[in-house]
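To start, the structure itself, in structure tokens.
Order of writing sets the chain letters: A, B, C and D. Residues in each chain are counted from 1.
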Amino acid sequence: MRAAADRMVGPELAARKLIAGRVARDIPEGWNVNLGIGIPTLVADLVPEGREVMFQSENGILGMGPAPEGEVDPWLVNAGKQNVTLRPGASLFDHALSFAMIRGGHIDLCVLGALEVSERGDLANWSTSSNDTAPAVGGAMDLAVGAKRIWIAMDHTTKQGASKLVEQCSYPLTAAGCVKRIYTNLATIDVTERGFEVIELIGGTTFETVQTHTAAKLHRGKGLV
Amino acid sequence: MIDKQVTSLADAMAGITDGSVVLVGGFGQVGHPMALIDALIEQGAKDLTIVCNNAGVGRSGLPRLMKLGRVRKIVCSYPRTAAVFSELYAAGQLELEITPQGTLAERIRAGGAGIGGFYTRTGAGTLLAQGKETRSIDGKDYVFETPLRGDVALIEAWEADRFGNLTYRGSGRNFNPVMVTAAALSIVQVQRVVEAGTIVPEAVVTPGLFVNRVVEVPYAPPFAAIEY
Amino acid sequence: MRAAADRMVGPELAARKLIAGRVARDIPEGWNVNLGIGIPTLVADLVPEGREVMFQSENGILGMGPAPEGEVDPWLVNAGKQNVTLRPGASLFDHALSFAMIRGGHIDLCVLGALEVSERGDLANWSTSSNDTAPAVGGAMDLAVGAKRIWIAMDHTTKQGASKLVEQCSYPLTAAGCVKRIYTNLATIDVTERGFEVIELIGGTTFETVQTHTAAKLHRGKGLV
Amino acid sequence: MIDKQVTSLADAMAGITDGSVVLVGGFGQVGHPMALIDALIEQGAKDLTIVCNNAGVGRSGLPRLMKLGRVRKIVCSYPRTAAVFSELYAAGQLELEITPQGTLAERIRAGGAGIGGFYTRTGAGTLLAQGKETRSIDGKDYVFETPLRGDVALIEAWEADRFGNLTYRGSGRNFNPVMVTAAALSIVQVQRVVEAGTIVPEAVVTPGLFVNRVVEVPYAPPFAAIEY
């Protein structure tokens, strides 16, 4: 949402918007979609004009719109506690029904950020240590096992340059084998039976360059020359 | 544009296959989707498992579907509402899974909410717990119950919009908002379809994401369609 | 409700109303009460004037009123599928919430009919045989274990004169040890640690007469001379 | 006449004892009963277990209650919202039970609905399933989770009537309609109390039977009361 975007500065925001926009392009009309915080939050505003996508927020909103332009309803916030609006056709409900949606397989897609994704689709995105000084999981584990598809939107590497795509996660898992696709600043990668499969290269990058920045074997997807 | 409305009852039934598990809303005739059941009779699917609190009333609707030999099994709490059921059951032509009403609702909710099973005190120590896993929790006996899902749900609601958001009238809610969450294909008969944005977000009882198809059926009170 | 009452004839209805009225007198203001079919249904109309009791119907009504006098709303029926009205303060909900109320211990009292009640409070009221030709349980088992209190309103004996109060139930159980009190045409009886305890005799009957019609030992309650 | 309204916040807190498990509604500050938490601080009960999605924001409300040493344990999904929590937790002065958000909601619902426990896929194979019973159901791993009940629930709602019927505003529903069902004593802070019969029966979100006390608190938007 705009509120999140507003806190980022120029180049960082542009890079993140590139990833988020790539995700947004792949969401078909009519899907019910939950967005995690960080890059995923940006996806909502980047859905192509005229395509109706229903955004769900786990605190009890379906049909969430962008940040308010004028008057703010303080009772309407998203999962990141930022003020939002409602689109026509929106509905409001409690946490039991919200997580029945999420855990019952009714969310077509959840886009999450990640610390690490393994080549088997294991996701680590909630804790950087098993001795976390103040662990916090929120709805990540529910979304990871409950949504029909988990797509990850993240930078390909950490700020220190380490690959976030790995053979095996070193951080505590959010859920095993849940990730179907990864969108990064370098490539779009499917998680398949044989592991990571690059289906698209971003901004003129080569397959070899992406492999250099990836700590697990990459396979060439069918569409890739 | 998202639009879940289909224009005919025949379209609403498209793709229902033989052997389907069909969740049917309603408590007695209230909230019972008579037009959809008639359409299912027309559509022809057979070897069905019907999950419904009752076995219908009179001779139309579910009793007719049963009489036509299209129902293999019925899962319900109180089937003794239709003579047809009793005849077929006595003749061994219908399987019956009797489930306490609250357990039936909770099993369907569990099916819709991704719960793998739960423990309830209802039925503990009775005939209906025979063969089921039991567990003592805080000194009380509980029975393990499994989730219940349908291939199809036939639902009656009051109003819908093109997103599939639903409201219900009076005691017509009953099993409908629960069953609509627990089927691969949820088909809803409504009294009227309204413009998007007409239903206040706080007043939506079933958010549209649970609904696949909406069909508008001209106003008919619950008892109007029954043939006794 | 009136509809049920209308199907009964004079003396039978009067006898049943006597039992139902006795139950109604004991329900304090503010209780949330579910009524089974048969005699219990009559209780609603017999609550003393001015005392607010909230009647729950398991098909999703709290604050149920009597049968309609004039116009009928066909969407409003009670658990016996008879048309009812709503009182101010009524609410409507689905079966999941209705049985959360019932099974979660939120109903102060459920008044049920019975085939048999044992001196340990076991209740049999859903099936007359383990080879029932068309068994039907409805919400009886949920109510029997879930309500805070189960009171039984029934004739003391069957039409054949057999006691419905027994040492041990012969019919299939609805729930074990759930009945707290029994109201019959002969007496009001608590189910206690020591078994059946008569706390009131109805219409000049003697304790000995009641014992004659009861297939289990009766104890004299404290209030009984 | 049934009337659940109490006239002061002090009356609303009557009888809350040391050692209580207190369910506190809200997601962040929305639907979070700030006036009731302040009243609980005033009231004095200590050795509390707080069940709340977050650990509060800023320094007022829950953080203040924690800072005063009145909280023994917190059960939540995302405590990392208040610096006070992190300090006390790091210093070993606060127990923490971290629970996935959906599991937290479902455990509380189970507590309110008489469910003895349930199986969920959430958390299977993770640190949060350590020490918990697991079960394979249809080839997938599930974790057994137990019901969660409170001695007290502190709830924020929008409107109430004298029967305790509640409506909620916007995303202020969140945990409130779930928690209100799962405590021995449910206390509700509302923006306004309306005449009986004003809330349309279909629009009631929480039927009054779940509510013990209602206290009217003058209009205040969710973020107005926070001291940062």
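Keep in mind that, in the parts below, a contact is a pair of C-beta atoms (placed from the backbone, for glycine too) under 8 Å apart; a residue touches a chain by one contact, two chains touch by 3 or more.
Since the model is a prediction, treat every value here as computed from it, not as a measurement.
K.L.:
Per the definition at the top, count C-beta pairs in contact and tell me whether B-C or A-B has more.
P.N.:
Counting C-beta pairs in contact for B-C and A-B gives the edge to B-C.
K.L.:
From the C-alpha centre of chain A to that of chain D, how far is it in Å?
P.N.:
Their C-alpha centroids are separated by 29 Å.
K.L.:
Find the geometric centre of each of chain A and chain B from their Cα atoms only, then give the gap between the two centres in Å, rounded to an integer.
P.N.:
Once rounded, the distance between the two centres reads 35 Å.
K.L.:
In angstrom, rounded to a whole number, how far apart do the mean CA points of chain A and chain C lie?
P.N.:
55
K.L.:
List, in ascending order, every residue of chain C touching at least 2 other chains.
P.N.:
92-93, 99, 103, 146
K.L.:
Can you list the chain B residues in contact with two or more other chains?
P.N.:
Within chain B, the residues that touch at least two other chains are 106, 109, 113-115, 120-121, 168-170, 202, 205.
K.L.:
Give every touching pair of chains, nothing left out.
P.N.:
The list of touching pairs comes to A-B, A-D, B-C, B-D, C-D.
K.L.:
Which part of chain B faces chain D closely enough to touch in the complex?
P.N.:
106, 110, 113-121, 135, 137, 140, 142, 167-170, 202-203, 205
K.L.:
Which part of chain B faces chain A closely enough to touch in the complex?
P.N.:
Touch residues, chain B against chain A: 1-2, 109, 111-115, 161-163, 165, 181-182, 196-197, 199, 201-202, 204, 207-210.
K.L.:
In their complex, what parts of chain A are in touch with chain B?
P.N.:
Counting only chain A, the residues touching chain B are 29-30, 32, 52, 54, 56, 62-63, 86, 88-93, 97, 99-101, 103-107, 146.
K.L.:
Would you tell me which residues of chain C are touching chain B in their complex?
P.N.:
Residue positions touching the partner: 57-61, 73-77, 81, 92-96, 98-99, 102-103, 127, 130, 133-142, 145-146, 172-176.
K.L.:
What does chain D use to touch chain A in their complex?
P.N.:
27-31, 53, 77-80, 85-86, 89-90, 96, 98-103, 105-106, 109, 120-128, 168-178, 205, 221-224
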